[in-house]
Amino acid sequence: MPIVRVEMFEGRDNETKRELVQALTREMVRVTGCKEASVSIVITDISKDNWGVGGEIARLKYPD
Amino acid sequence: MPIVRVEMFEGRDNETKRELVQALTREMVRVTGCKEASVSIVITDISKDNWGVGGEIARLKYPD
Amino acid sequence: MPIVRVEMFEGRDNETKRELVQALTREMVRVTGCKEASVSIVITDISKDNWGVGGEIARLKYPD
Amino acid sequence: MPIVRVEMFEGRDNETKRELVQALTREMVRVTGCKEASVSIVITDISKDNWGVGGEIARLKYPD
Amino acid sequence: MPIVRVEMFEGRDNETKRELVQALTREMVRVTGCKEASVSIVITDISKDNWGVGGEIARLKYPD
Amino acid sequence: MPIVRVEMFEGRDNETKRELVQALTREMVRVTGCKEASVSIVITDISKDNWGVGGEIARLKYPD
């Protein structure tokens, strides 16, 4: 049942996403006792042009 | 007022999305009694590289 | 895999929510061809004090 | 702490998004008293093929 | 069409939420050129027990 | 920057949520290389009356 949604800057590769799915699922099961098969993880890659922090767009605040 | 958000694997065509908007709106109106004009539906197409189920990335678990 | 999220004014009873889960799931399966067992529906009841439309809070715009 | 998420039709340029981040952050601080540095704004550009209003897809209802 | 979703610590009163709906709607219209009637704002009050920052729960990091 | 949103059945206590915040933050930092201070975690407790799986409301499908 648990749904875990990750929004992060775009640029991570598929291997990193696979590892993230494994790691977050493992910790959800360990800490909450839910079943592994029931965990959904949805990852959204967000452009730095679409993310603002403290009033400033991330593209300027955190240039690559 | 109701907002219905659908997250599903990418790959459905625009005709399917149109039909989905009609069907989900019709059922929202029928079951909840809300006004048709008030229903917003937002569809997000998600890559199988960005979706994990039971600790495994969907790209591997459900190859096309 | 599909996740359908419904945000609507609070006040609907559990029977209505059950019917909504059935209806939206049935239409997701019919229109997109996904498996029934894979459909998750999450309903969020929202207070009219927490919803604004056209610059006005729903509590005032749509009194009960 | 506050997270403000904006979903709007795709097509706005980066300059508009920068101004939106500034304006929404400023108003969050002014009205709620939160700290500017704590405000996150996430913008999602949505295709008119993925947005339904009143049972109709926005591509048809609001052609460009 | 635009949907603006605000997640913030619980505790703000209805008057503040009304003002926030007005202010955010006004800035959405001013900056993006959308129609006022089309703007939906959804506010979610979040308990400090349900919000983590930098690995620490907000209840401890930011006691009232 | 990363925002991790967890939606799970209501009923977990604050101690479990604290541990979840620590564990998910640690794994986000380890796997993606982001800074610990930048990770926000938002937990939403969902009633079994508001969650449907495979067309059935969770209250019936998974009685406590």
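A few points about this structure:
In this document, chain identifiers A, B, C, D, E and F correspond to the written order of the chains, with residue numbering beginning at 1 in each.
In this section, a residue touches a chain if its C-beta (ideal position, glycine included) is under 8 Å from a C-beta of that chain, and two chains touch if they have at least 3 such contacts.
For clarity, every value in this text was computed on a predicted model and none was experimentally measured.
Common neighbours of subunit B and subunit C, by the contact definition above: A, E.
Remark: rotation between subunit B and subunit D after Cα superposition is 120° (nearest 5).
If each chain is reduced to the centroid of its CA atoms, subunit C and subunit F end up 20 Å from each other.
Subunit D and subunit F have Cα centroids separated by 25 Å. Averaging C-alpha coordinates per chain places the centre of subunit A 12 Å away from that of subunit F. Among the residues of subunit A, those in touch with two or more other chains are 1, 3, 7, 20, 24, 40, 42, 51, 53. An unclassified topology is adopted by the chain contact network, corresponding to no line, ring, star or complete arrangement. In this structure, the chains touch in the following pairs: A-B, A-C, A-D, A-F, B-C, B-D, B-E, C-E, C-F, D-E, D-F, E-F. On the side of subunit B, the complex with subunit A involves touching residues 7, 46, 49-57, 59-60. Of all residues in subunit B, only 1-9, 12, 16, 19-20, 23-24, 27-28, 30-32, 34, 51, 53, 58, 62 touch subunit C in the complex they form. Contact residues of subunit B toward subunit E in the complex are 1, 3, 40, 42.
Across the interface of their complex, subunit D is touched by residues 14, 17-18, 20-22, 24-26, 36-45 of subunit B.
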